[in-house]
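Below you'll find a set of structures to go through.
In what comes next, chain A is part of two complexes: it sits with chain B in the first one and with chain C in the second one.
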Partner chain A sequence: MENSNRRNFIKRATLGSVGVATSAMILPKLKAFSQMTKNSLPVDSEWKSTTCQGCTSWCSQQVNVINGRAVRVRGNASSKVNMGEGCVRSHISLQQVYDPDRIKVPMKRTNPKKGRNEDPQFVPITWDEALDTIADKIMELRDNQETHKYMLMRGRYTYMRDLIYDRMTKIIGSPNNISHSAICAEAEKFGPYFTEGEWAYRQYDIKNAKYVLIWGADPLSANRQVAYYSAFWGDSLDHMQVAVVDPRLSITATKASEWLPVKPGEDGALASAIAHVLLTKGLWYKPFVGDFAENSAINRFEAGKEILEEKPGDVFQEIHTHGLIKWWNLELKDKTVEWAAEKTGLSAEQITRVAENFGKAAPQAISWVGGGPVMQARGGYASMACHVLNALTGAVDNEGGALKANKEYTISFPSPNDYIDAIAKAGKKHKKIDHRGRKEWPVLSKGKSGGGVITNNAAEGIINEDPNEIKVAIAYFNNFAFSCPQSERWERALSKIPFLVHCTTNGSEFTQFSDIVLPCSHHMYEKWGYVKSYANGYRHVTLLQPSIEPFWDVKIEETEIPWLLAEKLEKRGFSNLLDYYKSIKDPETNKAPETDKEFALFSLKYATQTLWDPNQYKGGDKFSGWDEFSKVGVWNSDPYPFRKRWGKMKTKTKKFEFFSETLKASLEAHAEKHHTDVDDILETCNYQARGEKAFVPHYEEPLMKGTKEEFPLVHVDFKSRFNREGRSANCTWYHELKDLDPGDNANEDVARLNPIDAKKYNIKDGDRIKLVSPVGEIECNAKIWEGNRPGTISKCYGQGHWAYGKVASEEFGKKPRGGNNNVIIPAEYDRLSGATAFYGTTRVKVVKI
Partner chain B sequence: MELLEKEKSASLYRFLAECFYYPDETQFSLIKELSDELIGLDNKFKLEDIEIDALQIEYSRLFVGPFKVLAPLYGSVYLEEGRKIFGDSTMDVMDIYKEESLKVDLKEPPDHISIELEFMSYLISKEVECIQCGNVELSSSYFNKQKAFLIRHLEKWIDDLFEKVMSQTENIFYKELVKSVKDKVFNDLENVYSN
Partner chain C sequence: MENKKNQRRDFLKKAGLGLATIASVSAFSSPLPTNEEKKRLAMIVDLQKCTGCGACTLVCKNENNVQDGVFWANKICKTEGKFPNVRYDYIPTLCNHCDKAPCVKVCPTQAMHKDENGITMHDTEKCVGCRYCMVACPYQVISYNGEKPHKRWRSEEKLMVGTASPKELNEKVGGDTIPYYNPERAETYPGIRPKNVVEKCTFCDHLVKKGEKPRCVQRCPSKARTFGDLDNPNDKVVSLLGKHSPFRLKENLGTEPKVFYIRNFNPGKYPR
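Moving on to the complex of A and B:
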């Protein structure tokens, strides 16, 4: 309503009898309301297809919308990946989308001082003001030819990400698009890449498996495809044994045949010993690996005995693998069960039993590698050591084995090259803020020196202005000030950035340091996008679609916001970004987008055209067009082609490499770049291997902060089945149901100690305690629990927010609710993959409060 | 109640609704002007001595966030378990609006206090309109709807909002505002809608 009209109405209604007497026919114009027409009536009840991103399973889901309100969710039965299943996280999303603490409008900081204890004094502003301010800051960088001082930080994403993360950053002209990947699970990809050429996670064929050996993963709770595995685990237990290697009794461990409560960081020792058993007892899978040559004098592996070959194949003739004898000689021959028992704290009997049963189940014997053993300093080698067992059992690419992703056909967005001008080109040439590729940071993603990201080290780059200062930064769907170990470094880093924009659904610790905060759509209910994931021998591409009308002034961070920003840049004489975005047309009409909303939809249709357009069909499910695809919400690939990669792997030798020629080439290239040798690189990066050992899966001792004397317990971090990554803490259900994480209590944040340790340190159940590490301390309650290996203290990640909303924190900015593990975990890395270490990384002491 | 009183009442509900919007410059001047003109307001409720910047920061802190909304302006947060918006009570409000062929046109949940207060103002204005047209039956129906809406919604949570604001701020404007709303609702229930 126009203000003058409103004013007139109230004046007439209140000021004296003349006005009142004659104003009888004057009705107020409506401000909050409009008259309803038949068309504006919401449909009574319907199910709309979308996707849950509460964890990295990315299950296809459906939302029941009644009278415009989302009231329940269910798995999308059309998905062959999650098979109509869901998990608790998808339900928690209802509390997230209807959280009264969500950010409702764009806001700006009015207190220029930054710090945890400074109230930013945010006030609402219009989208126009917010975007004008951001565009001015970017133009200032461009005018001064310092676009490399612009940075984009990405947390969780959909595959629309490239529009903001890659294309926008490049067209503005910065090398600094920093993703969250290295705080996710990059080291998990390291083992598969340097043995079978796949920089990716795996899917596991539990329908056909006979034995599943799980390393630091809890597929019934976290990790990937939780809904699928949870639904079918019970059936699979009829034909498969499960052994779980984990210092704490995980949910999966509670349903396993064997729990191996390994000493943190010693997984590599166990893996090498299991390989040793498989070889010495002749349990390797010969159709994949091969066998001793018929005329060879040596016909078995004997502990402690090197096997000499004059030339490869003299003694052992490999089929689809490469370097078995070298691996045996360099690593395995002395890695006996007894040796491993001492290292791991497990009994020799249990190691032998597990190894033998595992080997006997070949080739349907899976070695399932999760984050636990690998997201550690030196974890890249543990990743190789655990993953390589899949080759010994012939499970690689095989029925009942460890599989890669099926093929899918989504389309990359067009190249931005024609839109990158001279200023941007010059800006892009600068070095990245996370230091990747430096001598001490090989980060060999996909084999390339500096090929990946070191998310957590970007904080150091920002703080030290190395290689340059960051003046303008935009971040989305992330909270590095909470989710990165030694998180206080991010508080300093973010305080230092003069202009920081945070695109987010909830005001978090990261937001505290921002200058502008932009309210974002909830991914499951309010956003266009797509993601891909795989399980059950299929891959699906599942759509994120708006199922409800947003009730606050939110926008989609990966499409609508960059479009609106591009419009503002165009008004300031820089049209390249908008021109680029306009080149992504609606495949159905060939119409270029004219609004942010059109851009969000057209770009999604563009990226998925080959899936829904019958004229572009390439495989998998077939649709009649976009409308049908949108209604179904998910495309499924063709079934998995087993054993197709045997002998055709993307390694240097095309074989599965026990001796990794691929890693050798990568490390040598990195060393050459820095005019040194591989041994020097390994020493610089804190690895123990020297010589050729660096190229085979092998055991490295854990690198832990803190002495045993001062910090007697090893900290064990784990993830909750309720965590929608780190975004559940403001949901009451999360806290009320927290005791469904075994060992945890409802409405509490607890650190769990074995009764032996509790007695030793005089801690009682329920005691208020501090966990103190060499880098920080947190408060929580003590829980005495047998499901913890003695000598360790385990605590779930997810609580300890001092921001994020009323439920999440005790007192905003001052008192967190519970303790954030990342406060006590030091910033440490597996430098070969760039992965941040979360596990087996620090020792702690317990102090009673 | 006299017709004039009813018009005043509609105006007051509408004015109170306006006061719960974010005080940007336009809104600030509007509220200031209206509060000067509106009959029956206490001096404390005026904005003369209040700096707009301070009011904006305080409004954001209490009602918007971004970190923790100290005094949410949504009925469902007070009426339902689980601290949520868009609860069953919100749907009830929507149904009531729908009966009047109204839909919410703001980027806010339908049980936002401004919307509920404006709705009261609307119902009273409709009653006035009917009285002036001589449609006694319809006017009486609008009167009953006002009463029902107050009882089903505003009465049930206005006191909780009042308590939250009073305990979370020293800002005189917002303290007086919630006090005025509470007084208005409870006075009306006792004096106007008691039969």
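Moving on to the complex of A and C:
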């Protein structure tokens, strides 16, 4: 019965197509035949080792090259970090390297006017003409003793970066090498540094964990070690519970036991309440933290009650930590579950359940800090508040816990000091364009006042010529006019620079403001370099190696381009840069490089010699020589030494600091530099804490632009599992698979609203809408979705390119395809770390178009 | 019925011979399934391991040179529940290589047929593009090429002066329509299928014949896929099916799909 019904249906359904089918009967046969005979069998097929830099997991990969073309990608099985795996985004790299919109040849601008709507009118030129022009501009600065007006902007990088980013800038004579680090996740490093002395990201031992509490990270989609975590997630769920704190239902949140859809910016409140529960319920891990003294009258933490100690240790005897009682008194005693429920919008029941289960799993209980809670204004303290839970559970440096990076042995490039002449020395003395270290910019990277970069603030420096104008700038592997919040400021800043060079694969937004465009190699397929990353209790150093012959006239931006430029400078009587580069010799032959290509290879061999040279062996994997290392493509460290840092941390007290003496010293030093006190610094920098509270992990209210009345929704930015940073949008695979980000649609750019808000603002699914913030507006489609916290509107980062290529933009150079979140996110900062705020920062209103 | 089976077997034998010839001249040496080693190939997707990333979908497109907008490997995904008790569910899909494949049954030219290992294969030379199979397939995993595939890659239009047209790029790198064209696909099936025929997943028969697993199995980042022979008691697919309670899509239709799913995508321990 069913069968015949179906047949009838088929008959009806296919009637319409019969005409097509019959007329096509003969043709396809012929075509099929021609395809079959045309395609020859593969004759030359091999797998070549390299590295994927689609995100900062930096997985070791292999490329299948068939007859000289890259055809397939797979994880490198020799890596103990990504274990032969690679995530979905690694494959998209094929559409990047073979992107027809890649720039083939150097170009120069012929339209002198610069601006968002100015067509640069690029024309192709030779490498010689391009480099001659750049060298002339640099020599002009040197002749006029104004080398500090030279600037180098760096985005993504390999560790060959120092050759162009550091050494070249110093030898030319400028303080202005500005990296992208502060739009990455510097605040994520702030918490670990000021509690355990590690300015770095962590690795999480999920293979041995029992509970994983994740803060605004989405490790199954984005950053870091997506391949490693994806490979072991499913099986780990057999022995670990997972709770994910995120205002939107991420894929990790759905692959978790608990989703805690926190109100944006309130993560710190939840963290303090969880710490409160761990202490009041006696769930802290005593072998790490310690316990109440046996003869103490007080033997428990009671909500609301301060604990008075005459001298430290009277009441509570800490083992590997410092300042628990101070932290309790200054922050935790009143941070009850009920208080947090009010702040976070979560139920008290859920908070209690999560906190208790988390505590009971100690010491295999991880607090996993992602960008969400910390890349916010005031995010440094949330970074501390979330990270410090690892100490309460004893997960720090422990099996099933939160680990640092393993030791590796790569070699720094030689010091440039002998090559820095008087002009360069004078130039270098000038202050940096990003204002780091000023009173309002402590940027305490590694504890030092002005120790880090404030990437996004460099735009202000350029626009206001503060401390000086920038006359000549070179930038590579970056797109600040797209990737920095309030990106319109970069459009103005770049328009202002009289001579701008962009080293890039694609004509991006940044390129549109450039005077010279230098076509660059694709990192994964055409470049020499190395990067380091860690997971699975190991660290690997993985090589980027050319696997295919470049098919256009492209060069490697970190080695070949600076070498060629150094040659041009030498011809103009300034040989210091070339002399320096020539000092980096091939360790195998002791031969100095004579060409750009030799320099690219020799400098890589130089930097990694201790890894591949058996005579220089220091640890980890051992190789017979460069050839073997190059073939394998990756070096692995020794396994992780658990608990080795307990009691030996790089803090002031050598302990894990609940009361951060390390932060106290840093803040006091910064205050002293500006002849003021710490409270004044905190006020200047928009923090709420005063007094000693500034030295403990604590909750600070989110700082959002715009009033609730005018901009009723909070914008939630997130990253796609297909984002190769911001560079996937010109790949068709990206768009046709976009619905694999839960809640998103294929071939669209959508902003997601909860049905409650959709009703409130009369928005229907599929409506064309505008998101308007206090600083800008973007257009996209509306998606009504239950996975969104009411009161928020979530939208993925990655689309909204008005340049980059035919697929990425609606109309190249003019009209974006979708909306770029950075147009509406205000330029705001966590000033203690210099980190740019992306989350919990932007209020928006939705306008139907 | 029995008769029909025999006919198919005869046909498969013939078809198999042709395939074996192609495979044996391949540059890759690997064990070939002989007639004595007939398999009943099946795939198991462990949904607890699956993270819904779509790598299966993408590497399938890559392996089989599938054009934009067409998916041999696809998915069913949905969000259920009301905030905050919300869950997102995901089931990766592909041709089920049904034992009783409706697409084979309705194909008027035997273009859609079963091979010696139970793979539902398709012959573009026999296909007349009638799309009966598409209508008959309850899983919507067969696509039709209404136009010559990869239109974008045949364009001669370039973005600006310093860039190439897609066609120019492809010619420069020596690809076949697409620059990252995989020639291995063409060992058993047209590398790119022509206009006016259908196409679908073949369990990567070109790889299976060389003793490799289908590409989606090889490259699943969460190792969620197991591929093997249901008729071999020592195969992992058999033990996995025994260990878990598997389900298949639309089992009630009696198509006997050979793609099985085990465990749950959502590990949530509370109502969501």
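Here are some notes:
Keep this in mind: the second predicted complex is superposed on the first by the 806 of 849 C-alpha atoms of A that agree within 3 Å, B and C clash if a C-alpha of one lies under 4 Å from a C-alpha of the other, contacts with A are read in each partner's own complex, and residues count from 1 in each chain.
As a working rule, a contact is a pair of C-beta atoms (placed from the backbone, for glycine too) under 8 Å apart; a residue touches a chain by one contact, two chains touch by 3 or more.
All values reported here derive from a predicted model rather than from experimental measurement.
After overlaying the two complexes on the shared chain, residue contacts for A:Thr110 are found with chain B alone; chain C is out of touch. With both structures placed on the common chain, the touch criterion links A:Arg69 to chain B and to chain C. In the superposition on chain A, A:Pro550 contacts chain B only, with no contact to chain C. Once chain A of one complex is fitted onto chain A of the other, the partner contacts of A:Pro100 extend to both chain B and chain C.
More residues of chain A are touched by C (comparison of chain B with chain C).
Of the two partner chains placed around the shared chain by superposition, neither chain B nor chain C is touched by A:Lys425.
Using the contact criterion defined above for the overlaid structures, shared-chain residue A:Lys571 touches neither chain B nor chain C, since it reaches no partner.
Of the two partner chains, chain B is the only one touched by A:Thr511; chain C is not. In the superposition on chain A, A:Lys814 contacts neither chain B nor chain C. Comparing the two complexes, residues 6-7, 9-10, 13-14, 17, 20, 24-25, 27-28, 31-33, 35-36, 40-41, 67-69, 95, 98, 100-105, 107, 122-124, 507, 517, 551-552, 732-733, 805-806, 812 of chain A contact chain B in one case and chain C in the other. Chain A makes touch with chain C in their complex at residues 6-7, 9-10, 13-14, 17-18, 20-22, 24-25, 27-29, 31-33, 35-36, 38-43, 45, 66-72, 74, 85-88, 91-92, 94-95, 98, 100-105, 107, 122-124, 220-221, 226-227, 230-231, 233-235, 237, 241-242, 249, 251, 254-259, 261, 507, 517, 519, 551-552, 721, 732-733, 736-737, 739-740, 742-743, 754, 756, 785-790, 805-806, 812.
Residues 25-27, 46, 48-55, 57-59, 61-63, 68-69, 75, 77, 79-84, 86-88, 102, 106, 124-125, 127-132, 135-136, 152, 158-166, 168-169, 172-176, 178-184, 186-187, 190-197, 215, 218-219, 221-224, 265-270, 272 of chain C are the ones touching chain A in the complex.
Touching chain B in their complex are the following residues of chain A: 3, 6-7, 9-11, 13-15, 17, 20, 23-25, 27-28, 30-36, 40-41, 67-69, 95, 98-105, 107, 110, 121-124, 506-507, 511-512, 517, 550-553, 732-733, 803-807, 809, 812-813.
Here chain B touches chain A in the complex through residues 3-4, 7-8, 10-11, 14-15, 17-18, 22, 24, 26, 30, 33-34, 37-39, 53, 56-57, 59-61, 64-69, 72, 74, 77, 82-87, 90-91, 94, 97-98, 101-109, 112, 114-115, 118-119, 121-122, 125-126, 128-129, 132, going by the rule given at the top.
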